[in-house]
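Below you'll find the structure, written out as structure tokens, and then a few comments.
All chains are identified by letter, namely A, B, C, D and E, in their written order; residue positions are counted from 1 within each chain.
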Amino acid sequence: MTTATADEGDGRVAARPAYARLLSFPAIGALIGAIAVFVLFMAVAPPFRAIDNSGTILYQASTIGMMAVPVALLMIGGEFDLSAGVAVTTAALAASMIAWQWSLNVWVGVLLSLVLALGIGWFNGWLLQRTKLPSFLVTLGTFFILQGCNLAVTKLVAGGVTSPRITDIDGYDSAAAVFASDISIGGLHLEITLLFWLVLTVVAAVALTRLRIGNWILASGGDEASARAVGVPAARTKTGLFMFVGFCAWLLGMHTLFNFDAVQTNMGIGNEFIYIIAAVVGGCLLTGGYGSVAGASLGALIYGMTNLGITYAGWNPDWLKTFLGVMLVGATLINTFVRRQAAKR
Amino acid sequence: MTTATADEGDGRVAARPAYARLLSFPAIGALIGAIAVFVLFMAVAPPFRAIDNSGTILYQASTIGMMAVPVALLMIGGEFDLSAGVAVTTAALAASMIAWQWSLNVWVGVLLSLVLALGIGWFNGWLLQRTKLPSFLVTLGTFFILQGCNLAVTKLVAGGVTSPRITDIDGYDSAAAVFASDISIGGLHLEITLLFWLVLTVVAAVALTRLRIGNWILASGGDEASARAVGVPAARTKTGLFMFVGFCAWLLGMHTLFNFDAVQTNMGIGNEFIYIIAAVVGGCLLTGGYGSVAGASLGALIYGMTNLGITYAGWNPDWLKTFLGVMLVGATLINTFVRRQAAKR
Amino acid sequence: MSTAARRPTDGPDGGTSVTETVIRLEDVGKSYGNVRALHGINLDVRQGEVTCVLGDNGAGKSTLIKIMAGLHDYTEGRMLVHGQVTHFGSPRQALDAGIATVYQDLALAPLMSVWRNFFLGKELHGPLGMLRVAQMKQIADSELRKMGIVIPDLDRPVGALSGGQRQCVAIARAIYFGAKVIILDEPTAALGVKQSGVVLKYIVKARDAGLGVVFITHNPHHAFLVGNRFVVLKLGEVSLEAKRDHITLEQLTGEMAGGDELTALEHELRDLHP
Amino acid sequence: MSTAARRPTDGPDGGTSVTETVIRLEDVGKSYGNVRALHGINLDVRQGEVTCVLGDNGAGKSTLIKIMAGLHDYTEGRMLVHGQVTHFGSPRQALDAGIATVYQDLALAPLMSVWRNFFLGKELHGPLGMLRVAQMKQIADSELRKMGIVIPDLDRPVGALSGGQRQCVAIARAIYFGAKVIILDEPTAALGVKQSGVVLKYIVKARDAGLGVVFITHNPHHAFLVGNRFVVLKLGEVSLEAKRDHITLEQLTGEMAGGDELTALEHELRDLHP
Amino acid sequence: GCSSSGGKKATESSAAPGGKANTPSMTVALVTHSGPGDTFWDLVRKGAQAAAAKDNIKLEYSADPDGTKQASLVQAAVDKKVDGIATTLAKPDAMKGAVGNAVKAKIPVVGLNSGSDVYKNFGMIGFFGQPEKVAGQAVGDKLKSAGAKKPICIIHEQGNVGLEDRCNGVKEKVPATQIVYVNGNDLPSVQSTVTAKLQQDKAIDWIVGLNADITLNAVKAKKAAGSSAKVGTFDTNADLVKAIQGGDVEFAVDQQPWLQGYLAVDSIWLYTTNGDTVGGGMPTLTGPAFVDKSNVDAVAKFAAAGTR
């Protein structure tokens, strides 16, 4: 009769093969999904192959990715933010209108807009805690409120539905250099948003996997009651996440403002779902507690590649959405399949 | 020392006061929210008081409510359907194009369209079971695919983005009488959708609370693994719910087609969220397993009253969305507050 | 330490009446990814007998019963139900084969009311599928009362019950709906002395009614009170299998605790005591 | 039946050394809506003592400890912590006051890995909040091994552990991080004989280190092995409070089972036995 | 069963366009700010396709209502090295960069529909369309001369610059004009919102819709509300032409979308094959022209064929 005690170890565990270890990296599924989409378009769309053109794809992916990162973090923390799309426009409108209305230095507008964007995030978090409503509803409220404010305030201040021009206000050039510069390497043209995107991805990924706050985010999303019971400040963690969404919305808003010099009041509506889609395609659970930042960024890349790839391939644009739907589900299936294989090893 | 055994009953339970029993009826919160919105607009908007005008509000509420009912049932069963909005358009387009393309009797198109709508629901359910992806993603895929098909197929068949006219095809009049009739009682003008809405609400409410299938829906949404473990056919239940969404989408699609005689291919996009909003405002949990059909219908009424009430009140339309956001969150807060009070009694 | 044979004896037992084997496992094993939770399990579940499965935490008891309940499929060996090699595709199939299970992690929908949970999947209904609500409430209430549990408001969600009350709902349900085989995964763990006694009594009653019972527990006293046959699992393998006549409570306890550790502990604790 | 006084004695105990009262409950009660789960509870938790709380299912044990742990607020009476009337607003405040709790329903995030759960809320971190992952894994591993639990892959999510293994993670964590008072809600319910022994040993060690321990259990044997003071709850009220010297195991068991029911049951079962 | 009336059999297919140019094949990208399935833009696209078919051009159509994404689509066309680009400038600031890149890459670019005031600064070779505000003012004048006291102007997409400009134009001429926002993707919602507005303010005497579908819906709403307001609209389609004939709608401002698409593509062909610049450095206006009872019959035939 076996007399092995548990102390001697559990002989039932087989060593995991090296490739299984690789597969268990959470973003690997999204990576393989992204590669599949990439290979597909490389095959069918000749302009896709030109390295110079990847700047266009990366630009679109980066503007989605900059928001997909905080939205994914928030989803891992168990909450949604439906106001993420319009908050970008709010930030841009606020910066331009503050500077223009009182003829201030552009930077004053930029900084006050940051305060506003963080304030919106904080407000979302506060309302969530106070009302104990699901964040879907709370941020839906913020979404509508901001949408109305964007339109009404702009009409009041600027008299139209476009933000006033600020190109000739002091500080414009330095702000544009910070938020909307670009470089060309050979024929490859890269916008600064790519840098923002990469930095945000790395910072958020490190925070999630290697910092204490990451542990708190995972726990708050996985089981809020349990997290609170062992002393995790779940409320503050979540408010912090909403404010991070606010910060990224501000950053993207500033880029939009200084890259295009003016913004329309109805921009950004609907983008909140593209961010959520990117996060989910990248493997984040809608129910919270699981996901990866790198995955969300890859989700943004998949979305960007698919969207432009269809154009590059010259497919009938009538079917655009159909292709998009098939590709998204396809990429997610690959992602899920890979993760399941990983779990099986 | 007390020697009471449990068999003698638990002396710790106070009798619930009668009003607490009333309060524990799940839709009561939504009802009070609806009354609050109603009273507000009665106070501020004189045209709101005219009984004749309530037909307009009820019409809007009914077209939302007809879909909010199945969407709520699906949410209680733990799943989303993002394709609910475009499926309405798909049904309408299919019916008109089938009849027109082959010059068939309108009723043939209507019935084949029903088959198609049920098929879409079945497909959603099947894909969900097969891929084991979250329904958010699966139906997002269907959403995009249908959107593309609506446009591309209509262009192929009708050569434009509007469905072909079917007013002079056989059977049009009888179909219009069934799907798009209305009656006037005094000055009050009521569309048949009101009847559809009420019947759907009653049928779904009875099914949820009084039929076996309702038990299965609640269990599948509350804890699918547990439900399966005790032998509930969760997969079939969910597929059935998707098909019910398909059925209601067809019904609303038929009304739209015969009331407006033609539909555009881009109709319905975005409505899926209005349906979800109505369900959530009415007290359905996003995570499934809890909610009420009557609540969802009241949520639709709240949405309709708010949306039109703002117009009746003549408030500055620039702020429309802001008002809408504030009112929705307000109504939901009242709802939640009432339910919490009920739980405390 | 034990004198019992390592394989189940296939012939009829001496002493008890001839019983039919409902479920037979032959060299069954199951892996979760790289974890081999079970390996080489041979086991017979017979009508009119209580088979107790004991073992350390993580020994694989729950995995074993989940295979029999159709929740997981096995990856090695074969399972015979009524003599037929069977792979259950879903718990429904196991239920249809007459195997009812009370899971350790409960299988109740927390937001649903007590009576709805009680009848979940076995609703009483009249014409058109209309639920017989009053009747169902009344049955649920009386069945729970029989176990010594009074839940005053059966419309309360199960999530608001205490841990033990929830356990009782699950057990009462499985027993009420009867079956050929009842599998109970640590039913008494969360229960008080009295409720445990009631459950044990039910087990005996079920056995005497000719059902096969699989009873998983950590409590050798409970096992010894009702078991006909004892299987001890260790690290996913059978380390002891014995009939009641061939083993004493002390041997059973010793086998579970890994020898004399427990007695040593008891002495140790007594010494430590102020 | 019992000879103990119904109220705690306020003066120093004869026999044991003078101990400080950390938590004192005075006529505390708690209602959930129309359910009055607790009423008129008087209880002292002292340093260097194990207070055992026993009682039927639904008697209010978990409710009692949730009040002390800051998870629920009480609705009647008052709670003194270190002599101060206290209402905990959150579990964090209770933790800060030195009260650590192992809940019956666990408080682990199921999708998080074992080591992350072990250190949740008490992460070891270096500069900039960088987690010391290797060190944390190593500590979690060794603490779990001490309890006789070997989890080979600490990166596995807690949800994939067996019921008892999960319980051990929660207990090991509470003990490792120490506190002035440790509250354990049925820690041994899901545990095997050996693991239960280890937990009991830990309880004694914690007591001897001067901590106050509140130990909730259904098992009078376990309670009697380690308890200094026994409180039996019935229908939300204290039905017995006694010091160890004033009570025997038999009395305790009897009180819990509602008199002689248990012995009757045992006889009944024996008679039924084939 | 088969229908004895109506259906496809009863609808004449429009005549195929005539001959085809024998110039070398080229590729032209048409990038608009249309949402999917918009009737107006479908006409623009058909016009462009007609020109493309005639000029031996491969037309690549794409659209996105979001300014930055529309710019990406133009950029993608530049990346693909097409031979010409026609694009709308509804959000000129967003489009500036991408159009600049196209000009830099020596791709001829023409503007259409919106952006008449900026197209030249961007280095485009021509423009075909109707300044929205001017069209709005024209409608305003028409209302004023018809004695309108209290018109409403229905915007079916909140915050859309072009739509706001149209209503602002009306408002400049008739300051009592009120704006009503509706959800343009939901027919019942449009109808009930407009009905509600008419019920709220009985003094409303004119309704201005900004596209044909919305306007037809407003006609229904008018009937439901029992209002006697008159209806005018921007843009036409086959059903709207019938409504003008039937007297439900008084007039439509026609900016000839089919023509916009046709001219935009054709002008690129002319520029490439012959160096012509249509408009001679000035925007070519395709509107505003009014369609009303007096001239509707001339338009009706083409509307039915789907080119007006």
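Here is the rule we use: a contact is a pair of C-beta atoms (placed from the backbone, for glycine too) under 8 Å apart; a residue touches a chain by one contact, two chains touch by 3 or more.
Being a predicted model, the structure only gives us computed values, none of them experimental.
For chain A, the chain whose average C-alpha position is most distant is C.
Chain centres here are C-alpha means, and the one lying farthest from chain D is E. Chain B and chain D, compared by their mean Cα positions, are separated by 48 Å. Computed centre separation for the pair chain A/chain B is 30 angstrom, with centres defined by C-alpha atoms.
The centroid of the Cα atoms in chain B and the matching centroid in chain E are 34 Å apart. Across the assembly, chain B contributes residues 5-6, 10, 13, 16, 147, 151, 155, 270, 285, 318, 320-321 that each touch 2 or more other chains. Contact with two or more other chains is made by residues 34-35, 56, 58, 148-149, 152-153, 258 of chain C.
Counting partner chains per residue, chain E has residues 36, 158 touching two or more of them. Partner chain A is touched in their complex by these residues of chain D: 69, 71, 90-92, 95-96, 101, 103, 106-112, 116-117, 119-123, 125, 128-131, 133, 145, 148-153, 155, 173. On the chain E side of its complex with chain A, the touching residues are 36, 60-63, 66-69, 72-73, 75-77, 79-81, 91, 93-94, 96-97, 157-161, 164, 168.
The part of chain C that touches chain D in the complex is made up of residues 15-16, 32, 34-35, 55-59, 62, 104-105, 148-149, 152-153, 160-165, 167-168, 186, 189-197, 200-201, 204, 208, 218, 220, 225-226, 228, 253, 256-258, 261-262, 265-266, 268-269, 272-274.
Here chain E touches chain B in the complex through residues 1-11, 35-39, 42, 158, 178-181, 183, 185-189, 191-193, 195-197, 199-201, 213, 216-217, 220, 224-225, 237, 239, 306, going by the rule given at the top. Remark: chain A residues 47, 50, 52-53, 56, 59-60, 63, 147, 150-151, 160-162, 256, 259-267, 270-271, 307-308, 311-312, 314, 317, 320-321 touch chain E in the complex.
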